[in-house]
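Sharing a structure here in structure tokens format.
The first chain written gets the first letter, and so on, giving A, B, C and D; residue counts start at 1 in each chain.
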Amino acid sequence: MAGNTFGNLFKLTTFGESHGVAIGGVLDGCPSGIEIDLEAIQNELDRRKPGQSAIVTQRKEPDTVEFYSGIFEGKTTGTPIGFAIHNTNQKSHDYSHIKDSYRPSHADYVYDQKYGFRDYRGGGRSSARETASRVVAGAIAKQFLPEIKINAFVSQVGKMRLEIPYQQLDFAMTELNPVRCPHPETAAKMEEYIKSVRKEGDTIGGIITCVAQNVPVGLGEPVFDKLHAELGKAMLSINAVKGFEYGSGFEGVQMKGSEHNDQFNQDASTKTNYSGGIQGGISNGMDIYFNVAFKPVATVIQSYETIDKEGNKVTTKGKGRHDPCVVPRAVPIVEAMTALVLADYMLLNRTIRVK
Amino acid sequence: MAGNTFGNLFKLTTFGESHGVAIGGVLDGCPSGIEIDLEAIQNELDRRKPGQSAIVTQRKEPDTVEFYSGIFEGKTTGTPIGFAIHNTNQKSHDYSHIKDSYRPSHADYVYDQKYGFRDYRGGGRSSARETASRVVAGAIAKQFLPEIKINAFVSQVGKMRLEIPYQQLDFAMTELNPVRCPHPETAAKMEEYIKSVRKEGDTIGGIITCVAQNVPVGLGEPVFDKLHAELGKAMLSINAVKGFEYGSGFEGVQMKGSEHNDQFNQDASTKTNYSGGIQGGISNGMDIYFNVAFKPVATVIQSYETIDKEGNKVTTKGKGRHDPCVVPRAVPIVEAMTALVLADYMLLNRTIRVK
Amino acid sequence: MAGNTFGNLFKLTTFGESHGVAIGGVLDGCPSGIEIDLEAIQNELDRRKPGQSAIVTQRKEPDTVEFYSGIFEGKTTGTPIGFAIHNTNQKSHDYSHIKDSYRPSHADYVYDQKYGFRDYRGGGRSSARETASRVVAGAIAKQFLPEIKINAFVSQVGKMRLEIPYQQLDFAMTELNPVRCPHPETAAKMEEYIKSVRKEGDTIGGIITCVAQNVPVGLGEPVFDKLHAELGKAMLSINAVKGFEYGSGFEGVQMKGSEHNDQFNQDASTKTNYSGGIQGGISNGMDIYFNVAFKPVATVIQSYETIDKEGNKVTTKGKGRHDPCVVPRAVPIVEAMTALVLADYMLLNRTIRVK
Amino acid sequence: MAGNTFGNLFKLTTFGESHGVAIGGVLDGCPSGIEIDLEAIQNELDRRKPGQSAIVTQRKEPDTVEFYSGIFEGKTTGTPIGFAIHNTNQKSHDYSHIKDSYRPSHADYVYDQKYGFRDYRGGGRSSARETASRVVAGAIAKQFLPEIKINAFVSQVGKMRLEIPYQQLDFAMTELNPVRCPHPETAAKMEEYIKSVRKEGDTIGGIITCVAQNVPVGLGEPVFDKLHAELGKAMLSINAVKGFEYGSGFEGVQMKGSEHNDQFNQDASTKTNYSGGIQGGISNGMDIYFNVAFKPVATVIQSYETIDKEGNKVTTKGKGRHDPCVVPRAVPIVEAMTALVLADYMLLNRTIRVK
């Protein structure tokens, strides 16, 4: 209830602060009998980890996951999967620049107000470090759903937008560049741009597009738990996300019903897919695709004026090794949350008919 | 679990098909001692009801709510509030044009696939008629939160966009025109446009902007139940919604961190509000504002080709009295869902400190 | 969350006060495609209703259920089943004897303290009238589980105990006498005894035994949601229940492990069944049986001294037409709650394996 | 949902198999600002641990808990408390005697049937070792509720029953003997009896009585989440529990209403307390007391005939170091679960009034 659990049946609960002893989680409700590829899980974590390229934070965190339970002789057992990622980066940091002041557009002020308390070490629970636990669970969800293909990629950085429809992209190219944009020319420009932003000590936002293919017909629970509503919540729960749209999205409001309606082919596939693979909150077998907007991260390496706990003005300066643009590292997180939603709704969908 | 419940503590469960005996719901967890203004509830329902103006569906449904429990001597008692809205419009309709065929971009096909079954009477459970129950519960939530001001309005119809910042609008004007756009000149143009679309037998999409003011600091549960994540889910669960963005939203991805960061005033308010009143998933006391994108409704009064259950091609034609543009009637629904989220998170927030 | 919902997937939410407009509920998560026998549902309600025999309350409440949604053309549709039972007994009662005083061992005092408020009309929400909604939902659960046989019966009234093992009883005889004890001689004695208690204006407690047969192996979720833990909660949530035991129960504590262990037959059935059909919280295919203890109901038709809201002593007297012994009418309630648990756990059990 | 989570707001999720890498859990919803006494937590664990006396299993498991998150500078932060207890006892055991056969009255057979799989190492998830995580969380709950006094003790072993009312006992004596019975003479007899049972290689059941004092008026949610219903579920979820009764319990069925009713004093306390501190599912400020029945544990050190996976008869023999009587070690578990329920319901009770 306190907000650290996601999912109804395939259910992840996470814990951990960015500079505490460990982060981790419990994945409950994962069906028994899934063959687990541990390397594939670690590979997903590596896609998210800091220090992997020149355009992300240069912090070094190995992010090695240890499993404590729920996997036996290479398979899931049906019991909860407990896991932890120990923080190796706990050495005495200097937090004096943030301990007593509130960084703008961070969660410092609201945590203090809400809990009467604040873990000032690197953001504590509000740090995106927490998403590593989601990536672990999402990697297991992917292994539960081998037939479903989930591909996220960076489609916009700042004003630079990839205008090519996803159908014309080769998702295999996403991992070939540090931006995780599957169009090499665009990726190169984005990379250069991010580097220039980093030099200014600044940050820039972006958009991730995600495509889920081979999703069976029927996933989604009316009325409040529509499939896209849960996907939306999943994405909006990721740090720095400001918006979610699926199918025709915000552009679609300009269309007329007669053009927006997806006409059926005789096999019940549709000629267009403005619906984004979901109708009435239920998957219709077409590709599910959506966009996720990320704001520029708040930590800039520039001096700024802010206030302390007592409301005094203070001048401070961001420091440390932070991400100039969050989207390249957020790609595996978007995929992980998509996988968690689909796994959960796959299980829910087993329960809705008399037999 | 089957998706007809919304909220954690302030919790609404709804039932009912568009052409069944009645729709309604149970609002559980509503605190005791709230003085209930029944007229205000009916007024919200009237804002949503069909037939209220020339630019919405001309169906006549009085939508009178009956309360069965939970209110005694004018106040809530703390016990569940059961209510029903009987359908007066159940007379023998002619559904032959849709009974055996799947309307494009409706939920007909997916319901049939999911449940092995389909209630072909006017959309059954997938009809937006269900949202009347949300409006009832939302009206009660508003009465629980008298200090919070929730104002939604139509900010875009098709390509027509109200470019004036909400701070310069007078929300009292929203109800003065049938479009529910608080800017009379823009409203008049939108109205004319919707009428022209209706004449074509077509439909058009739009955007609703919602502003919640006087929200206390501290609402929102890290990490999965961030306030904006729940708001996003709430909005995306409304029929025809394709997108949600808050604060700087999709536009914000083009900004740099140095401009996007909301600098503090000494009273901990912020000079700008790109954050949209929420930081780290927790309200910071500034205005919460967000946009909700609605697609053009699928029912067009034009003939079209589609398929039947056996996959045969059939030609049919929409008929009946449907909404050319859903956004004017969706304004009270957006407000209701906002109120439900805020009421729920207000209660959750009572539980997070030792005293 | 506020306690008016039962079940995880097969989920009942109820509403209603004993003397309000109506009681009722929403059954969500009921699978689609169940053929519904409405007469069988009404029959279960009739087993619970007041006035059915000389040893239960003589109030007349027809308790006719109306269904509002979720059933179409004789089958469940997968959408929520809304229903209501209107209270016909709302005419101006005289509550002056209880309005200002707290009846001992009723919920009057605690409701007032908890909610700052109290519905003094016949107990309001704390009345056992609420259980009628459970019986409706339980009757649907039974129709979802036609192969499972659930039989409850009265096994003790006061000190009178039916000592015959359930295996030697003919459950078909339960309904042949007003006590609902399937052993006619014992039933006759119990009936006479209850009549004598009624003459004194007093009440007496009793025990209901319930047997569930043909339950498949595998129902029950470790570790907190063990099958018997959920059954126990279900029973303890019924008004007046003070205890629950299953299998060997409280007697079993006197046994040694070597005698208590249920040895296997070669077909994996067991030679004895001290386990009560559940091992490690999971059904093992043997009969599930348990006992439910009901206290004597608190309303006695005798004068007594008590206190009013201000703590003044007052002398008052119970009146009206109340049950001298609650167990005969509670038999269908015990069965209903058993059916709800088994239906829910049957659905949960569909989700626990990879395929 | 898969059953490894307990609580609504103060919510514990546990993981871990008896012979896996670690057991542990996540306590979410624990309010911020609780001063944590780590020694007190470890002390509770030590009360539960094996090897602490001559009448419990002689296995040596240090059961040292490590906290990973949620506690900072000695206080809870409001974020989830992750913790683990590493298993030190993982060395290569010989499981050949149980790997291929089903031990009677254990969970071996049902786990295999349910999950298609079985962790044969010492019971895996079905082992009572899991309850150590509950004790950790319960110890934190106790620190959240310093004013409430929770005292459990052994009141029966086999046929030996402590007949003295709890009001005449000195709970401080409970910890002074290995049986955890606060009456030294009875404790000495029980201890001797347990030793004799152990010599036979057999086991014996028992009853734990628990008393919660200073519980405020108002805890408990009608109708399904009555306080005693949740306590009952909590207790029944503990390994080996077969029954739960509170207040007058099973004995109370023999009483008449006129004697069972708890008459009020002028301060709203009651002259008797057959209600067990709970009326209508809500605490009334009087002592809450209840009994929990534990069966004799299934592992006996005797040879027995059973079946293997293929249904062949096999003869085997229990071995290892098991508990001849589980109740002495279960006392802290009963207290922990009581504390978890009360903490949760204390938080729920903050949300039920308009202010």
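We take it that a contact is a pair of C-beta atoms (placed from the backbone, for glycine too) under 8 Å apart; a residue touches a chain by one contact, two chains touch by 3 or more.
Bear in mind the structure is a predicted one, so any value in this text is a computation, not a measurement.
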item: Option reproducing the contacts of B-D, where over half of them reappear, out of B-C, A-C or A-D; value: A-C
item: Comparison of A-B and A-C (more C-beta pairs in contact); value: A-B
item: Distance from subunit D to subunit A - Cα centre to Cα centre, in angstrom; value: 39
item: Inter-chain centre distance, subunit A versus subunit B - centres from mean C-alpha coordinates, in Å; value: 26
item: Whole-Å gap between the CA centroids of subunit A and subunit C; value: 46
item: Residues of subunit A engaged with two or more neighbouring chains; value: 1-5, 8-9, 14, 29, 32-33, 78-79, 114-116, 125, 222, 348, 351-353
item: Contact footprint of subunit C on subunit B as seen in their complex; value: 1-5, 8-9, 11, 13-17, 20-26, 28-30, 32-33, 66-70, 72, 75, 77-82, 84, 114-117, 119, 124-125
item: In the complex, subunit C residues that touch subunit A; value: 1, 9, 29, 31-34, 76, 78-79, 144, 222, 347-348, 350-355
item: Touching residues (chain side subunit B, partner subunit A) in the complex; value: 1-6, 8, 14, 102, 104-107, 109-111, 113-116, 125-126, 130, 156, 158-159, 197, 200, 202-207, 217-218, 220-226, 228-230, 232-234, 236-237, 239, 242-250, 252-258, 260-268, 270, 274-276, 279-284, 291, 293-300, 302, 304-307, 311-313, 348-349, 351-353
